[in-house]
Amino acid sequence: MTLQIGAIGCGAIGQDHIRRISRVLSGARVVAVTDIDAQQARDVVARHDPAIEIMDSGRALIAAPQVQAVLVTSWGPSHEELVLEAIAHGKPVFCEKPLAVTAAGCMRIVQAEVAQGRRLVQVGFMRPYDAGYRALRHVIAAGEIGAPLMVHCAHRNPTVAGGYTTSMAITDTLIHELDVLRWLLDDDYASAQVVFPRKTRHALPHLNDPQIILLETVGGVRIDVEVFVNCRYGYDIQCEVVGETGIARLPEPAAVPMKRAASSCTPLLTDWKQRFIAAYDAELQAFIDGVRDRQLTGPSAWDGYAAAVAADACLLAQSSGAIEHMASAARPAFYQP
Amino acid sequence: MTLQIGAIGCGAIGQDHIRRISRVLSGARVVAVTDIDAQQARDVVARHDPAIEIMDSGRALIAAPQVQAVLVTSWGPSHEELVLEAIAHGKPVFCEKPLAVTAAGCMRIVQAEVAQGRRLVQVGFMRPYDAGYRALRHVIAAGEIGAPLMVHCAHRNPTVAGGYTTSMAITDTLIHELDVLRWLLDDDYASAQVVFPRKTRHALPHLNDPQIILLETVGGVRIDVEVFVNCRYGYDIQCEVVGETGIARLPEPAAVPMKRAASSCTPLLTDWKQRFIAAYDAELQAFIDGVRDRQLTGPSAWDGYAAAVAADACLLAQSSGAIEHMASAARPAFYQP
Amino acid sequence: MTLQIGAIGCGAIGQDHIRRISRVLSGARVVAVTDIDAQQARDVVARHDPAIEIMDSGRALIAAPQVQAVLVTSWGPSHEELVLEAIAHGKPVFCEKPLAVTAAGCMRIVQAEVAQGRRLVQVGFMRPYDAGYRALRHVIAAGEIGAPLMVHCAHRNPTVAGGYTTSMAITDTLIHELDVLRWLLDDDYASAQVVFPRKTRHALPHLNDPQIILLETVGGVRIDVEVFVNCRYGYDIQCEVVGETGIARLPEPAAVPMKRAASSCTPLLTDWKQRFIAAYDAELQAFIDGVRDRQLTGPSAWDGYAAAVAADACLLAQSSGAIEHMASAARPAFYQP
Amino acid sequence: MTLQIGAIGCGAIGQDHIRRISRVLSGARVVAVTDIDAQQARDVVARHDPAIEIMDSGRALIAAPQVQAVLVTSWGPSHEELVLEAIAHGKPVFCEKPLAVTAAGCMRIVQAEVAQGRRLVQVGFMRPYDAGYRALRHVIAAGEIGAPLMVHCAHRNPTVAGGYTTSMAITDTLIHELDVLRWLLDDDYASAQVVFPRKTRHALPHLNDPQIILLETVGGVRIDVEVFVNCRYGYDIQCEVVGETGIARLPEPAAVPMKRAASSCTPLLTDWKQRFIAAYDAELQAFIDGVRDRQLTGPSAWDGYAAAVAADACLLAQSSGAIEHMASAARPAFYQP
């Protein structure tokens, strides 16, 4: 009954997911791996289980009969082809973001999955599995603050690597808000605008930081997201939903409140990897359970497509300075909740 | 040595200021009042001090030799003329907002005061006297969060009277943020934009509520202010300043934290009059002390003018939907801090 | 109509109260002062008002016809005699704590006041005038947490002067809790016990610090008060009341919440003088208003007596290690609320 | 490599642990169960895995060769014998609290384990696996608040079943603090005292509720624990450690902060089962990992013994009203950290 998983890509994220499946999660094991760097694949085998088979390619791994489900953690440009291949074999696939590097690529996956007839794809958006966001969504759904009207968000990193660019603020950073806010509000985006405050002196010359992204949903909700990736003080994710009768906020991560040195203080995270560590476990456990129950419920190929369309509009808004309207395709009935 | 004040206007605000001077504050007393409704004036005398003289008009009151300083709390359209008259008599004047109903009117007062040669006017903006805003300004000035880059604000009322209009969200509500944020940041506004989220079902048909006002300062700071006057849950003023190395928030009003009925809760104010009650005392005490020390330091005629210019731009932005740039006159050296 | 006050004692506390009356409060002025150090008295006159008369003695000041009310801020051992003298002259008197240096002395004042027939004495316990304690009392009185069963308190100072002794933890520090908790609970003390945790290395050799005082009230409420006067981190006053259906806490002083340097932090006070600064204003304004309205309502001579009896029992418990029962005199009907 | 576990006792706790092993945790599976109620055992098999074998008795289960580790979740009086039997077979055993119903019984287990030569027993105290307590311990160990001097705790339940007695406040409720505080402080208890506040009207006639337990450690730390099991408002666990330079608190469980209905509020738990749900997972995963790594590190038989000794002293103190000193046996070198 243990689900047999094949993992494509043994880099940092791949290794982390393989460790999860082997040591933390219930009901699955890794039976095959592949990586363009064969040594990476051998290291994984050595670290976790000599019984894991090393495959020559992603295609071979997907085709292998002992592989019942596929994990795609290779580099982004390879995702589309691998996911389509898994669909062609009728094998469930967990694909790290991005689902594909273009909205058109995402749409091809959507069409293949719909044609295939049942949900096979889960995209690696982990925030809907975060206990805080889930509690926030529950509060909204229970009507405790009335119908949402506005959402105020911030996504702050203490610093970023030198290669981080202004557009990555959309594709690597904001992308998480683009995903989770659709899910939180059960709504789609209608337009995007980006404004640039005075740049912080702590950003490299090529990077415009911070920036504020203004989104409007089809339902008329106004969202503002501050993206500030050189905020220095910590890794801080804020989300406040203003409803017709009240407001609700994403809970802060639990930490020890102290009083010391003339200050009442609580430590903040500085490493993003710590922030959603439990959500990474939960998303993959949900995939395993979903495959075993033949009912995937997590972020779908359609969610991957919608995030890609929204990100494209935000990128356009960055350069145009104007309000950019989004023309998303209609959501197929296949993906209706 | 007690400062002798004449009060023009004995309506709700006038009565409240007269009560303050008579019962709460130090160093002043009311010696003369006037009101177009003579009964209101007689009531004040009866309530506070039979020695208070009732004057026939604002002009007469300003001219009376026993009146050393003037309090203008009559209706808005009368303010400009009365303040100019006080300046003409060289008498210090505390004028409730608005200083004048147009930016041009404010400018005439500015010019009269400059021509007269010393500061005589304090405008009734009380937020710079709020202990919370003062502490926030101190934190910024001390460099504890680095140079400000963004400010996120909210101004929420539980409900408003039926006569409240969409433009009053600017002239009666946002006006306080327009004043206090200039003072907080020591900066001026460059542009304004207004966006309208989906309207709450709790607003009357003629009122677009909530709205979000986006301001940019000359220094490049980006400000967003949510104005939501039917938020139902309470009277709530939020101000978060994001600096280059940290963030700081306006303190919440002190209240008793409780745990009861499956909830950890702290009461919120619902009546705006309670929120800045100490600031009203402080602004008028500062006026009294300033007059006695011959050095007024509170919100100036120039601040009244600047708020009026900014409000005009916001009103324009409400109807245009566009980003409206502001062309303020240059600040006279007279008003440099 | 301005109340004319004579002040006995021009040391630090005396000067501070004289400044309050002259510059901050409404409805009173200082007309006479005296001090055993004549220069101190002259300095006060020079600083505030040349019309203030310097008296040769407390007795002379009390007897002076222009003195309508008396402020006693001389050293403790002189209080009893001066308060009795003021009572003898039928003049209202605000006496800094202690009312008298012994419970017997307090009782003589109680008896004199009762004999005189109306309330003339207010003791300088300021905490019942603190807005936080008042809000907490209101919450209890409104039944929001049910009948009180337990109270958990802490009184922490960052450090104390070298002359501070173990018994002063009762007479100078705990004395404020002894006063305010009686008022908060509307109850009297029945017993006291003191336990000593391991001593902090930051206390001088002669001082046992921290200590925990356990009190039981006549009504069966159990109170624990941690007194820790070398806590290093700040001046921190905590009070949590546990009722039959909920709990309520004393509000923290308002301060600016920040996020910086990997910490979510709010500054704490370190100087005790800042903590109740508004309460000092309020207690003296209440005395002024009470005298003018001929109805004193603040901490009474009986409250001064009750605090003295409780402090005596705590001192005994410090040395005995046992549970010490208190035998307070019955409260005269004169002092029933 | 999967650890094969036999479970003795299929009541509520047993079923919950079996569910954890089967559906949530990694690296183990249940291969055998037994229960005095055979139907309970059959239900477990039906629910989880038809391959699970039903054994006639605990002794038979322990002896079965396929059983590599034992889970004891039968009723308390049977624990001692079963744990001793598992030790005799050299099989690791996870035993729900109490380890034995008397301190003497716990000591017999300690002696058997020491004689056997390696750690085989983990007691089901879950709080040391709670992320909040672990973070609190880390803060103390890192010296962030200096050496601990005092600990203020509360253990509050909204209500309890009718059969709950005054002594169960020690053996079922306080027992968790007795365990976790030893671990938190790395210290042992020296004495105990119990005081009873006025009883809440919401407790049944036979139950004295609330009560306050005062503990002193060998190292001189003073601990007070309020146990209040009819507090009505929620399930609330508080722990504040006061050190020589600062204080630290157990984090509150994460929940969604809201503002609604004139209140800033965060939901509280009411069901104790929710409070430490992740800790229950973590303690059992630690047992599984510890067995597989041949290095158990969780609460030991010695910890079970120490908690039993402390509980006995508290029970005595409940009835004596006096300070009861504890005479624990010396900790064998075997159990030194």
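Which chain is which? They are A, B, C and D, in the order written, and residues in each are numbered from 1.
Here is the rule we go by: a residue touches a chain if its C-beta (ideal position, glycine included) is under 8 Å from a C-beta of that chain, and two chains touch if they have at least 3 such contacts.
Only a predicted model underlies this, so the values are computations on that prediction, with no experimental measurement involved.
Novice: Taking contacts as defined above, which has more of them, B-D or B-C?
Specialist: B-C
Novice: Would you mind checking which chain's C-alpha centre is most distant from the centre of subunit C?
Specialist: Greatest centre separation from subunit C goes to chain A.
Novice: How many angstrom lie between the CA centroids of subunit C and subunit D, rounded to a whole number?
Specialist: Taking the average C-alpha coordinate of subunit C and of subunit D, the gap between them is 45 Å.
Novice: Any idea how many Å lie between the Cα centroids of subunit B and subunit C?
Specialist: 37
Novice: At what distance in angstrom does the C-alpha mean of subunit D lie from that of subunit B?
Specialist: Chain centroid spacing, subunit B to subunit D, equals 59 Å.
Novice: Which subunit A residues reach two or more other chains?
Specialist: 232-233, 245-247, 252, 259-261
Novice: Drawing the touching chains as a network, do you get a line, a ring, a star, a complete graph or other?
Specialist: complete
Novice: Can you name the residues of subunit D that touch subunit B in the complex?
Specialist: So the residues of subunit D in touch with subunit B come to 158, 232-234, 236, 252, 259-270.
Novice: Show which residues of subunit D lie in contact with subunit C when the two form their complex.
Specialist: Interface residues on the subunit D side: 146-147, 149-150, 152, 154, 195-198, 200-202, 210, 212, 214, 216, 219-222, 224, 226, 228, 231-233, 242, 244-247.
Novice: Note which residues of subunit A are touching subunit D in the complex, please.
Specialist: Subunit A residues touching subunit D: 22-27, 131-132, 135-136, 138-139, 144-145, 245-261.
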